[in-house]
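Labels run A, B, C and D following the written order; every chain starts at residue 1.
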């Protein structure tokens, strides 16, 4: 996809999901360059500007209206963690309850409020203070696959002696990306929505890594037919790797007072320009259709070409985010070796999950089929050659 | 400085300090446009890239070496609050103490960790949870002007029955910008540094709003002759209103483990390109010299032309950040009216401080003298006309 | 057992477990009266006194030595919650970790530290602040009976992404008395001890309600063959309803510094006198043997005479603490009616558990068989007559 | 006052204030012995009993009515810290604010909620967790004597940027006993009451050590002519060194729900019997008059005989609680030596304050004049002989 020092690489990482439309997408790039060259305002704080208005109009027309979603848009700062912080604040303010539920395996950011909702122990220890006001619930994965996690959630909320205080909100990723590409089923998400409704709890969907078309649809939660109360987005929303994030909230939830959550970089105009262009670009090339066919290819390839390499290999994913879980297939150190072999062969791929033992496939959504196929081949070869080595030893 | 819908405005706000080199500075702009057009990498996470290396080299050569500062650079995410969060984490991790001291009037950000160190009550109430692990100390201003705030600090640390636990760090702004352009004296900052040394406490200097040359020197703390242990920077560091922030730490303090504080947008390459260009631009036009002469002008103007308008008016500032404190000179509602009159006359000026009763003058550092003079005149007229009205009533 | 206004009552409550040796036990009473009449010191803070020394010697000789337990004794204040607070402090200080695990259904006291470990939601809401640093784990009861709670605990501790920080200690009741007389099995307690050992976590056993012979043996945990690291005792330890509590800790865990946990009433001499007398009294009448035969009687009676009254009735208990769980057998309001009918018939019995739907049988350990039988009969009749009523309606 | 191993001692400590009516007061003792011998109920939880009713009637008639105080009485558990915990809970519940203010030098107990309000650093470090929701304010003593602490308090509450959140309550000792017998003036307490009224904050008076007549009047706050919203009492309330504590609250503040703050030992009947007897005893011997004359004696003695020994000696106190502050008069180690010399001469005296450098005189209120004089003489000699030694060296 891009080259450095002359060498060509296929990118199966896409800037941790910030480059869903590819590196330096020409359509978006031209719009940004034009804007800069025309001396468009670059920095606008939270004031209304032309670029902001155009983005908002495009977002409403192209994204919200077709999906019959009645969200208000908050620009909470340029990073995902800013958006998560803002969403948690809002939820606590609305419900007047300090507690929030998050899920084991979940990742929501590194500033103190978001970190409290992040499950990774190493990251939590970096806080230097005990992290409070978030309780972790089991996610339907691994140890909990044979366990009714929704019944557990319901029990904990209903039992007057659970010791767990009623939360303002439950924050969830439909696919735990950092957690190892762990996919929540549609029925599970629907059940979660019902529990929230029953107990007067807000459902916050963290779409930072899996939104913006990554799973096929623009929002990942669409596929489950649910509507979260609050949505946080970032990464690819600007379409060009420019920092930008959004909080979407149901209209009736907007109880912010002026200046209650502010910040300098909430009005980065280049991001608005890029974001509007990206939304146009999506429609222009029928990105959803393209992802659907590529998903089909990757799914088949992984099931038919990769999974059979070892009985311990597990394949999980949707759209163009896939995880090859090697936990039970290779030694812990081998995953990094596979990753490095891929790199030497010209493929960038990242790891995720406990002990970083899941290879995460996350190419730009508009990757050419030829490159996608070539990347898959490199990946398979790297795993395969390692399997042989494993067996020999 | 810039126009919208045809109307020309003089900007005394500079994007809350994010546009110290002016709107759409040509030198920086060209470098960014060239970079984009040459399809330079835009998004690099925390990997080493050409743009990053060039920024770091320039920063070391142009900023750190001439000042004999031995700081390591951490890219903690694009916003000031990300940098503050990172600095607080690091300090707590180093000293193994959860407590941090901040100052009354201080502003450090809106995510949970930074918000805990922010004194503004309205913003704090937005948290939805009690804010912990930060204790507020008196800042030498207003009620505390006749009070030995350093002696208080020393007492609280020394008294075994103060009830206040020893902090890992003290975070301070040399000038509390949001707090109403409240300037700490050099001797006070030196005393603070001594207290930190004596009690084994880290000194964190928040240069987000007053760094990058705003006070004349690159770092505002230089003028006091002190060296903080940790410095947080943002706003104008990218030189083009692009989100970017830095944490500088004394080399021996870098005890981060890999991945302990991460984030998607720590490697926004356009920001690196802009930031390197900005540092070159500074030197090229001798910005420090230019600010010195403009400071002289503004100081004289305010003292001689504005202060005499009313005995209650107070003037505070340094470099090109100045506050006209009208708290005791006009009715609370009048400040907003003055601000609006300025706007109608083509001048953008922001308010700050308790009850927003301080007019904050913060033009781009490279503002043309003619515009600076014209802006001052508009400002004076607006205050003046309001004074008359006041007197009549 | 005692009378008021002339009416005789059989007591199946025993002062919430504070009167295991009966009301106004003559043996203990005489010792206390003699002590007072001889002008023995009544108040001794934490100084060494004759009464304290005699209690400690008796406790070591009669309780610890025969059980080969090497505990140091701390007098942490007169109430159970003081002892729990002290135990939690000590555990956190030893392990340098703020977190503690407690169990759903558990009750450990009402001061802030203990309340954090108490699961009852209504009690928790009384705190007025969010309660921190305690995470609740499932207890093998009700919803969790078909669930491997130890495997859950092990998973949460082992999973690097559980979001749950490693605790300093796990605090447990062998029988959750307030929680509805919920009995943990010996194998479960052994598994818990193994998990604590494996993960370097202290095991705190809260014997406040079920210690002092209530379950047959002096300590309730003896029957599972485990040795907790820390034990908290109160209620019947003084033998006469006088406030007193103890913290027992393995010798090597005593890292208290002088005065680090103090209080005025840690040296109530009447309590020491009563406590020493109570320990003598226990041996003198072979209390353990007596409880064993009464347990046999109550168990049979409940299984054969009460349980058959309704298929929803559940019987749980050990020694002389038994719960008749009517949750699925009668309407919620009916339990209080049964309790009142008992009272009218001369039997005092308390309720416990979720919705107070468990009748808790907890007579003095030295109750005469005749009264025990009579009390059981009253209880059975009250439940029975209510059952009929239920059925008719 | 009492003897051990044959040796007679004069007691200037009075069980840390728990023995205001002397050791083994005959009047109280006989009532308790009679009660026990008549097989009065000893343990009553929170049920209404004869002994409880008699205490409450006596308390209302003898204490509240003559002072025109309309307080409801809560039995919150037997220790002072239980009462403080209960008062803090209630205040937070009423005002729906988590924050509480306490004072530097203040001591309120050792369980987690009370410890948060205790200023002693060594005790705080024993918590093992960061202590939250309490902010410490300067008390008018030492460093703060030349500082307007009430103006500081008012400023912190009024300043929208103080960073200190509005508290539910301010908890204060009229005399900081553990803090070194530091006396708040009547005008300061009146000012504090006014600030609480102005800002809708509850005033909690901690009378645990200085109530029950210790300062001359039954409540120490009476002398300042103020009425706290909530009062916590313990120590001498039972009159016989038996654990007992009370929370008094203005009637309209009783918003407790049933069982929201409970505990096993809230109904220790021997304490009620003793407490009622103690209140009768007080009146019978005109204790207030007796204390007034003894206060006169001690004050004169200390001012005329002790203070002149060294210019650094400071004398503080009221009623029969006095502190001889030797901080600036002798070496730190000397205070313990003085205390030990007193002990050898037959006088028990305790130390308090920072570095334990204040000798605290706190005899039983009914001490015989002869013993009081003799004790003062021993004390003076011990200090004096030490002064000489100091001078020689």
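The rule we apply is simple: contacts are C-beta pairs under 8 Å (C-beta built on N, C-alpha and C of every residue); 3 or more make two chains touch, one makes a residue touch a chain.
A quick note: this is a predicted structure, and the numbers were derived from the prediction, not measured.
A.B. asks: When the contacting C-beta pairs are counted for B-C and for C-D, which pair yields the higher total?
C.D. replies: Between C-D and B-C, contacts are more numerous in C-D.
A.B. asks: Which chain has its C-alpha centroid at the greatest distance from the C-alpha centroid of chain B?
C.D. replies: Between chain B and the rest, the longest centre separation is with C.
A.B. asks: Based only on mean CA positions, could you tell me how far chain A sits from chain C in angstrom?
C.D. replies: 48
A.B. asks: What whole-Å value do you get for the distance between chain B and chain C if each is reduced to the mean of its CA atoms?
C.D. replies: 58
A.B. asks: Any idea how many Å lie between the Cα centroids of chain C and chain D?
C.D. replies: 33
A.B. asks: By residue number and range, which residues of chain D touch two or more other chains?
C.D. replies: Counting only residues that touch two or more other chains, chain D contributes 98, 122, 129-130, 132-133.
A.B. asks: Under the stated contact criterion, what part of chain B meets chain D in this complex?
C.D. replies: 98-99, 102-106, 118-122, 124, 130-136, 143, 147, 151, 155-156, 159-165, 179, 354-355
A.B. asks: Applying the document's contact rule, which stretches of chain B touch chain A when the two form their complex?
C.D. replies: Contacts found on chain B: 2, 4, 15-19, 23-24, 29, 32-33, 36-37, 39-45, 49-50, 77-82, 85, 88-93, 96, 98, 109-114, 116, 122-123, 125-130, 132-133, 168, 208, 234-235, 240-243, 256-257, 259-265, 268-270.
A.B. asks: Can you list the chain A residues touching chain D in their complex?
C.D. replies: Listed in rising order, the residues are 129-130.
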